[in-house]
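First chain A sits with chain B, and in the next complex the same chain sits with chain C.
Our next item is the complex of A and B:
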């Protein structure tokens, strides 16, 4: 290595030509990236300054689309809904996943692999398809959920037809669908914690709660941060659940930002406005992510 | 001697009373875990049995865990209401095509980043990692415009190609291929093998576990995908299975044959669950690699 470094380096072009195979091998990624990610982001800036139905002529409108965003009540309502749905499930889900992972990590527990598999199973299902099964389960008149509640003398709940309950229904569906994913990631994180830490804690007289609070959670911090960010980004893009369970209703109470963008792009044919909304969403997600990164970092310091 | 016996008895008694408390906690733990398991499995169960129930029972006032009268009418109806065989073929072809291309592109990329020297390698790898943080929905509208300009709307190309060379897969393959001993590659190079020959004859065969991981994750992900097919595929003949089933309530409203929807859902979901149960190890390994190693 040192001998090679001492030798005069061949010119950059020569070295690149010599490595042409390597560039060919990574080309598919970068072509895909430029065509379907980098160029689309630039193109959405271009598009956001125009009025365009998706067909025919584009019309330059300056910042009109962004001014419209500011006064668009439906959009800000969608932002609020998105934030409520995000806050409504993320902490419950992380706490539940953490507890399940810790419990299932006990070597003494028989059948833990089976439990883990069952909890993970919803992740393998197409959530679009499962949303249909949940539509039946949630049905106010015929749904099994209300029939079971009736057996307990609980009056029928308008799961999908009242603004408040519709949000609850989406959150419950989310919890059903994604808790297992969190659990598996946390479980993998648990395997990497040094067992000596627990032993030392036991020697110091720590009980199970102390171990969770002072060993497990601090040790899992990077993993928890990872799933928190991933799930936050995912929540801000939530589309399929409201699209199929509630169609954004009743009365726009479950219209998320993603659903609202979809409607403008593919139902109202306001491509320019949809692009402007996408950029606002992008900036929001970036902002929330950066804020969280800071918050999590401060906590460790 | 007697004192030591006494000590043993006392300690064993203490252990047994502690053991009883432990057993109670143990049983309670199984009950809670079991109830959660039932809650997770119930929607799947309800979907499967719903596919075998008569409309009268599906929307009756009573309920039972098993159909009172088993019927296959829903399956017949599902095949009448949509070009189901074609939809199944589309799902297999699109998910399969996506998976095959993803295996090729991610293993080539992973090999280049793991074992080949080239100017700009580290910078390009950082770019690759950074792209994983771009939220996909943000580029949905312009990506659709790109695909429509390419003339790929309502085509297999449009449904398959975008995203096949994905950063996560390349990252995963790179981590694995880094562990392949350099001596192995050096020996092949001395024998006169070029980079592609080394990839084909050495890297691919030894990377089977990582390839299996990418394959299972991508196949399931592509099979279950909803949003991209929804905007790209426009006619019933081009719909994937997931799209065809979700289109029934969307297009028929109050006349939706819910039994047929549940039958179709069963066809869309259960084979994949079976596949997952068989290949679960590879799947979980890949899923957690990014989170824990990264």
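Our next item is the complex of A and C:
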């Protein structure tokens, strides 16, 4: 652009003033974003370089908090637990949600709306209420689950008091609570599949399994990718389920990274260390999400 | 060039604004600690507790009757779930300097006093409490003292006791008067758990949470009766791997598990109350506040329960300790807090022979103010088979030991519980578990005093 042309352009301020109504309409989002999301992230970075209990003075400690993260066995245990809980439920959940959505999409099934509502109900129930109910269901001595097992002459299972079974209990709780929502998303995706594809498959002699494998799943790839990413991010942020069901026990076997961060921030009042942990979690989630996006992109290419 | 410069200026302005906000948000702090009585009388007195606010509201209203200058002040209570939730709330209010939402007085456990006092959140009450020093158990007062200054008014002490089911003990042939030591307690527990009861039910001597191990209360009691803590009071160094008293307490808890006298059940849930009511739990090591739980929540079985002092570690040894010292009232050091009003409420309710005795009796609680407790002692109620629990409490308090809190108490106990669980599961020896706990505390916390 020539100097004359540059000089002829209105200034930044004049251009902003001209588009002021547009800026005004988008301002609430940006104010909210900067105050409640961007600033807290910056403050976390600031805090991660300090030692602070939430009260009193802050003490600058440089990278000491991050060095501590590297050698913190409980943190790495929490990472392992988070990964195990993620892997333990994501594929089962996606398969279950897909199966339910496909079945509920079938025109042969009567009362589909009722079934869809029933399967979606856990998603709109307060998680604290569900957790309280599941705590009673899972109780080793008095829970209904072990009473049912006793009736079948199966020994009682320590659902919440054994490190291994506690993880299973959380996975089952997660599956029960989240499958409905993903079923609804997949169901919406199924409506967008061109019925001609199924007709063509039928003409080629495909049975129900072939249609699912070669038509439905490929067509749902973007939806499945979305669910996978969202649920992965959600799994890495898993807090409510272990907090309400097991408080991270027994023996830290269900302490997730998010719960561990909470413990340091709001039980031990190590705000600086908690900030460092949360930044490490952020980098981990970003890394995993990028890897997944690349993987799905390569698969589609 | 102009556009680039404009964008750069905009970015600089944005970062500057954020820096200002960050600086504002890292500020905190109320007024100086030498509060004068010239602060205006507020329209509202703001109070927070994680327990039942009724007793405090009653106390405040009684105070207004004798202090006409406060007759127009309203009592407003903000509930919180527990002490940790209270601290989270205070942290938010303190950091944001939100004095309008910050309570004037809060009721809390004593463990957080070191942290809050060091940060300047609490008003120094030393001069006001001083005249009453001899009427509060020394260990209780020690729990609200930090660096020689008193920051809280204990209103109910958590006197350690063992509550037991007289009927179950009789059935199994256990004589509670023969339980003098923790070894005796474990032996009695073995009898209780091995006995074949007419109804065929299993019974246990104590409970342990089924999911997240929490025997902090019991560990504190055992350490408190020996006068032991987790850190050296002078140097702040962790002492658990060099103090035989800690090993004794730790080992005793591990033996509870090894001898099979513990019922794995989450406390404060319906099945736990049922186990107490039907005698599945034949005893429970806790504190005097269990009296209120039994009378209000276990009314069906209240006449079957009795209380006894904590067992000692050796015959003739100390049998007194406090669990978490006490519940205490603290005045928050915010600007314009009217300390005279706060103290009028606190002292009128909890440092008066008659008012305190009546209030605490109504709410089935034990006063920390010993003259008021002496008023309650000597009577008996229909609960507990007529046992004079107040007299028992009084006899324990004067000589009971204190557990010393430090700012890192919470985190240290969490690390210890993890190793205790490993030892109870048989995955580590007691020595290995204590050593690992000490190393973890040194690595994660360092010193604490």
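The rule we apply is simple: the second predicted complex is superposed on the first by the 286 of 301 C-alpha atoms of A that agree within 3 Å, B and C clash if a C-alpha of one lies under 4 Å from a C-alpha of the other, contacts with A are read in each partner's own complex, and residues count from 1 in each chain.
Here, contacts are C-beta pairs under 8 Å (C-beta built on N, C-alpha and C of every residue); 3 or more make two chains touch, one makes a residue touch a chain.
In this text the structure is predicted, and so the values were computed from the model without any measurement.
Upon superposition of the two complexes on chain A, a steric clash is found between chain B and chain C. By the touch criterion defined above, A:176 reaches chain B but does not reach chain C. In the superposition on chain A, A:135 makes contact with both chain B and chain C. Contacts of A:39 after superposition: both chain B and chain C are touched. More residues of chain A are in touch with B than with the other of chain B and chain C.
Legend: residue contacts after superposition of the two complexes on their common chain; A:278 is shown touching chain B, with no touch to chain C. In the superposed model, A:160 lies in contact with chain C only, and not with chain B.
When the two complexes are overlaid on their common chain A, residue A:12 makes contact with chain B and with chain C alike.
Within the superposed three-chain model, A:248 lies in touch with chain C and out of touch with chain B [touch as defined at top].
By the touch criterion defined above, A:267 lies against chain C but remains apart from chain B after alignment on the C-alpha atoms of chain A. Counting contacts by the rule stated earlier, residues 12, 39, 43, 54, 135-136, 142, 266 of chain A appear in both its interface with chain B and its interface with chain C.
Chain A contributes residues 6, 11-13, 34, 39, 42-43, 46, 53-56, 58, 68, 71-72, 74, 135-136, 139-142, 158, 160-161, 166, 245-252, 263, 266-270 to its touches with chain C in the complex. Against chain A, the residues of chain C that register as touching in their complex are 1-3, 6-7, 18, 21-22, 25-26, 28, 84, 87-88, 90-91, 94-95, 115-116, 118-121, 209-213, 263-266, 269-271, 274, 407-408, 410-411, 414, 418, 421-422, 425, 443-444. Against chain B, the residues of chain A that register as touching in their complex are 12, 15-16, 19, 21-23, 25-26, 28-33, 35-37, 39-41, 43-44, 47, 54, 100, 103-104, 109, 115, 117-122, 124-137, 142, 144, 147-148, 176, 180-181, 184-185, 187-189, 192, 223, 226-227, 233, 236-237, 239-240, 244, 258, 261-262, 265-266, 271, 274-275, 278-279, 281-282, 285, 289.
For chain B in complex with chain A, the residues that touch the partner chain are 29, 33, 36-37, 39-41, 43-44, 46-47, 50, 58-60, 62-63, 104-105, 108-109, 111-113, 116-119, 121, 124, 127-128, 131, 133-146, 148, 162-167, 170, 194-196, 199, 220, 223-224, 226-227, 231, 242-243, 245-246, 249, 258, 261-262, 265, 268-269, 272-273, 276-277, 280, 284, 287-288, 291-292, 294.
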